[in-house]
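The structure under discussion is supplied below as structure tokens; questions concerning it will follow.
The first chain written gets the first letter, and so on, giving A, B, C and D; residue counts start at 1 in each chain.
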């Protein structure tokens, strides 16, 4: 027996909450960068800022990953027209892993030479990527929450694009067993791979 | 004598402020997770991350509770079409207890073996749940702020669903007198109970 | 000579930025509450939480003041239909003093027995209140940014209501010279006074 | 071969994410102001608050710069009606440098007597200003993302206005070689210069 109160809702507020969580997660990444404490002299500060550059790269990579996920969300919800309770919860679950990114980024920042720290961060990205895939599959299966005339080719292309990040994350985890401190650079491949996938 | 300036307002901005506060509260929960400080070796970090798992569970439970309250808010404001000053203030009061959750979560994280710490967190959830019930009752009483033709069955079902969280919070407080460090797991019952209540 | 690029804009984004800043300022107030560090025993924690109660009151008062200012903003922009560059900047200036509130709250929390700390917080509220008055006066003068048929009685009532917070802040500053640690309680008068002013 | 899934999107969510990031960046600037720790006596606190005044000026200047960039964004998106993927990414890149501002502000706050610290902050502003120029040029070139009948004079004026901040940032970097601790005050010229540019 189906509940009487199962409204089909607009997606405005999911998008608003999602934009808010992404905006905050992107911004508090910066709290991982600490002002270096050096004796007050010019060359020391230049060196100290230079030594920050690995943390700065972590910040840029995490920011770009959040940006990629946000763009994907934006593209998905360009097509998703309605929300039901399951979509709400898949989306909320994805936000849980968005919120984790500043934490796993800072664990990696502290222990970048350890496979476990790198894999911990990369697993976070992997899971988030898989949830996004599941969300798109759920919303488009039998055109459940999208327009009935949405082109199947668009649905399929978005599925292929959605798989890029999880696959690259798996590769990054593989690299983490060899060179953990370089493994997150693997994510810089994503834009190139997506470009390739789009042209198929 | 009624004031001349008692406008009936749209609910857009209540929803925007509410989404903002929920998004931030959900995100700053992560600040309760601290990067463990260990000598730089792999097994140590794995153990340290493992010891973090109780904090991680706290994070997940508080995140899910916030998510549940947000979904309830979303479902309520799917039906609430207008706002008056009282609704604004009931909503703002609920946000005060939303903002408290990261704090009561971290008190519990520090003192999970103490009944007082567990009950402090659970009382926060209890009060927030009761305010949500009051908000729905106020908005729907005599169809004050909802559509005149909103089905009474939907109103009643939402009332029953709204009582689930406060009742489970009371049970959790009871459990806190016996096993404080497990008592918050009681909240994991909420989805099951809501599912049951919906089928009545 | 007037610039060619002086567009009259919609107010949606001012409201969005304002809602965001208020939501964050309300939420980071909680960062002023620190988990007490006590030996791990029940009575100690109860006492420690009890000693936090003054900080908790500060949190509640600052939260309520932000809520009052937000409600006032909401009521104002219920009537303000257009934005020009001056309105943008008055609004941004008000946000600067909104952002200061978590800081002046925590200065007061540390030094509540000092007149200077209490007056510092209360001056923050005073200035914010005055800016809100200026904003309403600017927007409604000659019906510049409101509907041409907006009732003058509504304009005047909002002016009177807008003066309540600055006047109470002045009284609080006066009280701060006698009893700084109680002076912020003066703000609890605001709802009563507003109610009175509305009935004039 | 162009991808099939290159939708032209509305700009609502870019604006929402941007408003969120600006709101948070503006608000966490306040975390750079720390409550001074002094022996509990009145004159000490007054002196300590007084010594905070340089940090307070940093806060005000960074807040105003963020406000200027936000107003520019608002004016641009008053005219930009559509979004493509490139615009999304230019905008996300600009947000990366928005998020950096609280960090470069606090580096400057700690080492204001060093040219490198001042230039670091000012370079942040310079790059952000240049990205904004690029965004406007991209969106308006051949009226790509604006209304086809948007006046060329408005496009050109916005280009001139957009160059003000980068040019002033370059001057500030020059001043930083002579008087780093005063160099950020150069930014206070921006409103005057913009006013002049508008009248051309």
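We take it that a residue touches a chain if its C-beta (ideal position, glycine included) is under 8 Å from a C-beta of that chain, and two chains touch if they have at least 3 such contacts.
Please read these numbers as outputs of a predicted model, since none were measured by experiment.
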Same or different residue numbers at the chain C/chain D copy interface, by half rule: different
Magnitude of the superposing rotation for chain B and chain C (Cα, nearest 5°): 90
Distance from chain B to chain A - Cα centre to Cα centre, in angstrom: 25
Sites on chain A at which at least two other chains make contact: 16, 20, 23-24, 28
Chain D-facing residues of chain C, complex: 1, 3-5, 7, 9, 13, 16-17, 20-21, 23-25, 28, 85, 88-89, 92, 95-96, 99-100, 102-103, 106-107, 109-111, 113-117, 120
Interface residues, chain D side, partner chain C - complex: 15-16, 19-20, 22-24, 26-31, 33, 35-36, 40-42, 45-46, 49, 60, 63, 67, 70-71, 74-75, 77-78, 151, 153-154, 157-158, 161, 198-199
